[in-house]
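What follows is a set of structures to go through.
Common to both upcoming complexes is chain A, partnered first by chain B, then by chain C.
After this line comes the complex of A and B, so read on.
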């Protein structure tokens, strides 16, 4: 009888904890979709912002451009750094690297933005630009990518690592052909989460990317760029209902992009793990 | 000990193995209960050095260990091992759990170097060459001394690539001949018929026994001179076990085999020599027949009869 009561109490606690996590998430999603529902139209997606009205074309294309820049810069550095930490990590240099990366992960994003502002926007004279924004985001997410890549590689069964070594394969070949294929799904997940984190960032971009009503171009410096989080952050404070509508729409669009990103990540992971899906640990 | 009819043609699937009657625990010739009248020498005795000499007299030693000490951090696991592994013979390393069998095995191809804190003293010689001191390229040592693990560990690549990767890395055959060589290796372990239509598929779809055979083919493909086996059949079913054992016996014509096994019956079935380890020391080393019929040490006998370990 006592066991039964304990059982019920524990399950109730789990239920409450679950509800505390899930309900706010549902509330946010439903709230945003409901608030923005009235303003969904092709014009919203395909016209740029003008003042506090217009559409979000400049913002969502700008966000995608920043995400692409981020992927190009952060993915190679972060993944290679993670490989280094996991495979050669006992050396002194690796310890320093890990310490630096952990410190960087703890720096508030607004400070990262401010540093980039001082160095690139002011000192290098790039002014507000896509590249400065991309670099700020890159610095934000590199520690995250490094850590998730390192963890992904460490999760590969020792058995496989030793198999490659015992066959006399060079370490680089073992990493490329044996460890990375096993770790790739987790590395991809890490990249997707990193992109998602960056997509939701506002603080480091305000100082670095600025804001623009026009569409992004191939000019990466000397020209500011628009992005969705700016609309959410700024327009909600404007005393116009049109601006509020736009802010909610931007938030909804962010959610949709996020879901697409996660779906894309899943798809790539599934393809990447063609050979390791049935590995028996 | 093993005769193969006609020539030792491994490509032919029709080879037969004629086994001499190995003493088995249930054999009448080995009456262990009467063995206790002998006074076994103490563990620390130099008895094994004499029997090692006997082993050497019967063949060329391929791998030789001299006063091998291994420790991880502060903890010494192997306390001065002297042993010889004879060319073209199967030597079984047996002993109770934790006696250092696997550590010894993994020291022979420098695999323990992956473990932090690993420290080795003494000599491990392959054909007279110290693999820890005289070697420039450890990868070539590992090619010459192959290893098959306790659990099958095919690489997350296609079945064909699992074999081809070693062929290419060690330049075993010219690039154009890799595919044919893969077929040869898979045929040799008797896997070709089962996998020829799914060479580009994942190896993880194969059964455990097939995966282990694939791993054996992968190891053999790079032309090893010695093969280390860490309980190679402990995760396999009896039929696959039989298959692997038959292959090992057939392989003796070109490699020396060192096998860790927990299975005394298996040691009796296929090994020519036995090295019995206990608490990081060689207690007894001799021909399998001699060990099973006439163990000189009480500890060995206790282990073989199941009174220990």
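After this line comes the complex of A and C, so read on.
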């Protein structure tokens, strides 16, 4: 009997724990969306900020611009690095490089931002700029992309590689024609996660990307760029209710974008599992 | 062989002439080289970051000596006076003195609170998710873990500032403060709800996804035979979890928890917003305003730039160096613990 009661008590406690995970998540989403609900309007999305008021056009376009820069810089490095770790690297070297990459993932984001600030913004004289911000984000997310690419390739059965070798294909061709297409969905999920991380970062951007009230341009250095997370943290500290509204709206927009990215990730992995079922992997 | 298979066709794609083997030999080498270059970048970046931090922290290390670790006041000195003082060959504005003890303590305390509160909740919720929740619901509930992992840290901060902080200060902390009669550091004053405990709680929510998703994945790998054995012996499900599943995955959970702790140590924006910015003093009780190393770097870099001697920027670099050493130690420890016992490697960063 005592054992039965202990069983019930423990599982109830775990149930409470689960509630403590789910409730804050719901409260954050509902709370932030409700706070910002009053200020949703087309002007919010299509006018730039001016002073402590205005809209978020410069901020969300800046965020998209940084995400695009990230994709251009981080995706090739991460995917190529992941291919190397999974397919080429000798056991020992791959282990060292993997360890280095995991270590980088553990470096606090503010430290990455601080170093990029010292080197690119100050030393190289780029001043606050899209490229400096993009580089800071790139350094942060490469480990994620590399890890997911490597894991995706490792999931492809070895006999496909052997088949490639048996046909006399050079490794690069096997990788390009056989392994990459099969690993692609998981690699793409990794890229989506990387984009979600980059979208939500603030600390590495404050002293690298700066902030700007105007729209992002093709000029990548010597010109600061706006982004959504900056609005949240700066404007909430302003003593004006307009500024607070803008901070809530930016936070809500970030959550909506996050939900879209999570949805995209799920869509890709759902398609991936259909694909894998078809090929009996 | 090339004569037999003159062309190797893949459906729906351009045919590939196999005779072009030479060309592919080059392609192989190019891919190998580019891959190596990509794979080296993270490791190179870590070394680069460490080197830059060390070099720019050097003036501060020389000027402040070991006092940096145990002094309590962080003082830029007077930027506008032309008089400077020199110590160990390093010039500084008059009155400059740097002591990082409060922010080191703040960093450790907030992250330890996050660890103590977050880990049991994460493990408990992962247990019930794997053992009791039916699979369709499990997918839905796992979505919340993904969500918590993805919510930007400024949004956590905003939520802490406008929802959690006021709620705790109004309803929870006054009750908790009554325990002050028994445990002094729980006693009043409770303040505005922005401080050590609130920061720790926000961090707890932020590290839950890392620990919970790893625990969930590890638990679902526990082989079914020993668990069936436990059931056959007539153990209740809690006993089977305690005696079979948990020991099986224990070191993995420890590793994930240490990794979560590392994340809490380096978290910046949420802490900056909800910590109450208590600079230059040690926390008086658990509600006291605090600051952390990461938050201090963001908060002070702007004004540090006006130091004509550059020492203020250097002191922040030294604080960053200390933070980096602490987080790297936790990360390496976590990964070594898991690698020793399990083939699954830990998630990186937020554990999505």
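Methods note: the second predicted complex is superposed on the first by the 235 of 281 C-alpha atoms of A that agree within 3 Å, B and C clash if a C-alpha of one lies under 4 Å from a C-alpha of the other, contacts with A are read in each partner's own complex, and residues count from 1 in each chain.
Please note the rule applied: contacts are C-beta pairs under 8 Å (C-beta built on N, C-alpha and C of every residue); 3 or more make two chains touch, one makes a residue touch a chain.
Keep in mind that what you see is a predicted model, and the values were worked out from it rather than measured.
Within the superposed three-chain model, A:182 lies in touch with chain B and out of touch with chain C [touch as defined at top].
Once the two complexes are overlaid on the shared chain, A:170 sits against chain B and chain C alike.
When the shared chain is aligned, chain B comes close enough to touch A:90, but chain C does not.
When the shared chain is aligned, chain B comes close enough to touch A:162, but chain C does not. Where the contact sets of chain A with chain B and with chain C meet, they give residues 167-170, 173, 177.
Across the complex, chain A meets chain C through its residues 3-4, 6-7, 10-11, 13-18, 20-22, 24-29, 31-32, 35, 76-85, 87-89, 94, 96-97, 99-112, 114-115, 117-119, 139, 142-144, 146-147, 167-173, 175, 177, 193, 196-197, 199-203, 206-207, 229, 232-233, 236, 247-248, 251, 254-255, 258-259, 261-262. Within the complex formed with chain A, the residues of chain B that make contact are 109, 111, 114, 116, 138-143, 146-147, 149, 151, 153-158, 161, 165-166, 169-170, 202-205, 208, 215, 218-219, 222. Remark: chain A residues 90, 157, 159-170, 173, 177-178, 181-182, 274-280 touch chain B in the complex. Taken in their complex, chain C has these residues touching chain A: 1, 5, 8, 10, 13, 16, 18, 21, 24-25, 27-28, 30-32, 34-46, 48-49, 52-53, 56, 120-125, 127-129, 132-133, 141, 143-148, 150-159, 161-163, 205, 208, 212, 236-239, 259, 262, 265-269, 272-273, 294, 297-298, 301, 313, 316-317, 320, 323-324, 327-328, 330-332, 335, 345-346, 348-350, 352.
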